[in-house]
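Shared chain: chain A. Partners: chain B in the first complex, chain C in the second.
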Partner chain A sequence: MSLSALLSEYGDLYLRALLNTWRLTALCFAGAFAIGVAITVLRVCPVKPLRVFGDFFVQVFRNIPGAALLILLVYALPRLRVLLSYEMCVIVASVLIPSAFCSEHLMSGMNTISPGEIEAARALGLTFTQLIGRIVIPQALRSTVLPMTSLVVGTMLTTALGSQVPLRPNQLELTGAVNYINSRAVGGILAFAISAALYVATALVIGWVGGRIDRKVRILR
Partner chain B sequence: MSAPTIRDRLYEAPGPRTRRRVALFTVLALIGLGFLLFIIIRQFARQGQLEARYWDFFLKWSTWRYLGQGLLSTLKAALTAAVIAIALGFILMRGKLRQNPVPRWIATAVIEFTRGVPTLLLIYFFFLVLPRMGLNLGAFWRITLPCAISASGIIAEAFRAGVNAVPKGQAEAALSLGLSNTRTFYQVVFPQALRFVIPSLISELVIVLKDTTFAYVVSYADLMQHAKVLITSHDALVSVYLVVAVIYILINYALNRMSDRIAQGNRRPTVQRQGGAA
Partner chain C sequence: MTQIQSRDVPVIELRHVDKHYGDLHVLKDISLSVGKGEVVVIIGPSGSGKSTLCRTVNRLETIDSGEILIEGVPLPQDGRQLAALRSRIGMVFQSFNLFSHMTVLDNMILAPTGVLKLNRKAAKDEAMALLDRVGVADQAHKLPAQLSGGQQQRAAIARALAMHPRAMLFDEPTSALDPEMIGEVLNVMTELAADGMTMLIVTHEMNFARRVASRVIFMDGGSIVEENTPEAFFTQPRSQRALDFLQSIRN
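For the complex of A and B:
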């Protein structure tokens, strides 16, 4: 199949798949980020059971393979009477796994804060909540822009899990779209190359934006 | 473990009032987490997932031997993929550090490609396209090669970071002693860089190991496939998948711990300059 034939027949599909990949990536990263921050707060709070829970959460989702988590969500949860749509399963998996990595990045970002700042904040009488919310998290965020940028790309790669569940054609993301095309026509290398190019281009844009943000907000020490 | 982390710095020895509050919150947290656990277990019990028939075959030696065989195949694929990925990553790193722009440009393009494309897309490429082009690889290579290619770019960057972490003076000293560029790299810079790189290579093994769980796409009999067989023979889905997930988590956790340990040992610089900053 030539490029023009492929694009005229499946151009819409690719465009929708690209937009779906973007939508899933943005949505899942936002979720992962929120959970990552919350879990990180638990991991440093003075209440020991919460710290242990936070560590446990991170170790589980940092180490579980995406396919294993997706299979649990798709096949095991319904037997426990928890029914999620296929797309929801992909979203949940692509939120939980990056959230663990997000927390790990934040923890190492926190370690770059100098002890003097925390002592100063405590000397000023800031409570734990204020200390975390105003001193620790903002600085940890500013020093972890580059790892977070890779995490956005990582989240995008995780959303390829969408190809492993039966989604409707209008829900397909870039990897699923290639499978779809390959199952109906011989797309060959080209069908893959288009998806790959769209992935790589997205990753490059994300990397570029991340680099710009990093230069703006990084704290020079 | 030994280095003080942010957790140790965030609070000092609490006074009596804070201690009471922390104790109160600890109790509340324990109640909350216990309740969560209770709900999960109750849901298992209500749906009959705690029945003995779902779990008793894990007491049999044959079950574990069968899972062990699957795990062995998984490890074989992961290790092979890791070795290939390290070789590819090394070549890419050499290319990227060249003065000559052509290999540098090619290496950069390949690295960006492997880092931007999901492993699944590569697996489908090896599974769907290559056979049509007359290249018939076995199931083992159809899972191993895509995982290796996918990891090679990140490994190349890890190698590069390691090489850059070796003080410049090392290379300068070697060159001024009359060593060629090649010998400088292989005898002076790279051996030192390797020390920094080993932790990230181990973490990389974790990523490769996770990627091999897609082996079911190419019907390679890995741990997941063996789990599926167990599920059909015992009609026990939830318990088997849970156990398999825990096996994966424990292996990866152990690998990550190992990587952290080695990284901690590396904090101490290899070569210290007498007096003054390195």
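For the complex of A and C:
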């Protein structure tokens, strides 16, 4: 099929798939970010079992392939009587894996904080929670905007796991849309190239926004 | 605590404090007290344990044995009580340690609002008054990195004062400063002393020590070698080690 034929026949599908990819990416990154922050707090808290749990969580989800996690969610959870929709399985996998990387970025961001500032905060009588919430996490976040930007892109690419489960046509994301088209027409490499171009364009926008934010919040030392 | 007690009980008291870093015996049987309104200056060669001593007072460093009392009450082990106690002892560091992601004003009001639960407006008004007192009110809306070292250190002193501390600890507050900025910080400290603040100061500024100290403590190798009046310490120290030290820094 030619580009114009593809677009005229499947233009709506691509558009919906693009919007679905954006929606999944935003949703999953928000979830990954919240869990990543929470896990990071556990990893530095004074309670040893919580630290161990946090490290374990990160080791597991940082090192498991997305497809393997998805298979576990789809086939193993029903045995535990937890029934998630296919889309929800994709979302859970695309939250958990990036959340581990989010925590790793935050941990390295924390290493940029001057130990003297931590001491000053303790000397002023800040509690652990205040120290984390007002000094440590804000500084760690502001020094990790660029890696977090890459993580948004990484999360977007992880949502391509959606192509590995049977979703309804209106739930398809960009990669799943290619499979769908190629199963009913000969879209070939071109069908894929359209999705790829949309991924790349999105990543460029994310990168540009990330760069702007980084310049704005980066900490002068 | 009754009036009579608060007059008699030292603000800071260390009794037979010992501390090791592994094999290094860094504080050896340290006993020391700082009464209300006293300015005690600690002098001694590098590595003698001055910073460590200073940092044990608000438990930034733990001790192996001995006792530390603040206004007659033993230091809490940890948790909220320790945080509450720390909030009543101001600390000024060699490296200023202003929070680098916040404006000077936000540095000032963080602990008063977060720890003392002051409302923002009251905290802000007081912060501005204190910044004015140390001469950096015009820098309130800048980030620490945009200030000179002397300005940062004066703001750090103001930040500690905003907590209405019972005592202030200074660990070489001018050692990281360019020479032309040392005076402005020492002036602020001199005024504080004149206002009756209880202070424990580690410094190498001998003229300042001589002028401001109620008592001088000379440390070497983790021990207090000599405790003396500033006049006597600087003119005729009792110990040979103090004499050697004073000679070495005069040359």
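The rule is short, and it goes like this: the second predicted complex is superposed on the first by the 221 of 221 C-alpha atoms of A that agree within 3 Å, B and C clash if a C-alpha of one lies under 4 Å from a C-alpha of the other, contacts with A are read in each partner's own complex, and residues count from 1 in each chain.
Just so it is clear, a residue touches a chain if its C-beta (ideal position, glycine included) is under 8 Å from a C-beta of that chain, and two chains touch if they have at least 3 such contacts.
None of the values given here were measured: they were computed from a predicted structure.
Looking at the shared chain after the overlay, A:219 reaches chain C, while chain B stays out of its contact range. In the superposition on chain A, A:179 makes contact with chain B only, while chain C stays out of contact range. Residue contacts after overlaying the shared chain place A:122 against chain B and chain C alike.
When the two structures are aligned on the shared chain, A:63 is found in touch with chain B, with no touch to chain C. Of the two partner chains placed by the overlay, neither chain B nor chain C lies in contact with A:88. When the two structures are aligned on the shared chain, A:75 is found in touch with chain B, with no touch to chain C. Of the two partner chains placed by the overlay, only chain B lies in contact with A:189; chain C stays clear of it.
By the touch criterion defined above, A:130 reaches chain C but does not reach chain B.
With both complexes superposed, B is the one of chain B and chain C in contact with more chain A residues. Overlap of the chain B and chain C interfaces on chain A: residues 119, 122. Touching chain A in their complex are the following residues of chain C: 58, 60, 80, 83-91, 93, 95-101, 110-111, 114-115, 143, 145-146, 156, 159-160, 163.
Contact residues on chain B toward chain A in their complex (touch as defined above): 5-7, 9-12, 14, 18, 22, 25-26, 29-30, 33, 43-44, 46-47, 49, 112-113, 115-121, 124-125, 128-129, 132, 206, 209-211, 213-214, 216, 224, 237-238, 241-242, 244-245, 248-253, 256.
On the side of chain A, the complex with chain C involves touching residues 114, 116-117, 119-127, 130, 134-135, 138-139, 142, 219-221.
Residues 43-44, 46-51, 53, 59-60, 62-69, 71-72, 75-76, 79-82, 107, 110-111, 113, 115, 118-119, 122, 128, 131, 136, 153, 156-158, 160-161, 163-164, 174-175, 178-179, 182, 186, 188-189, 192, 195-196, 199-204 of chain A touch chain B in their complex.
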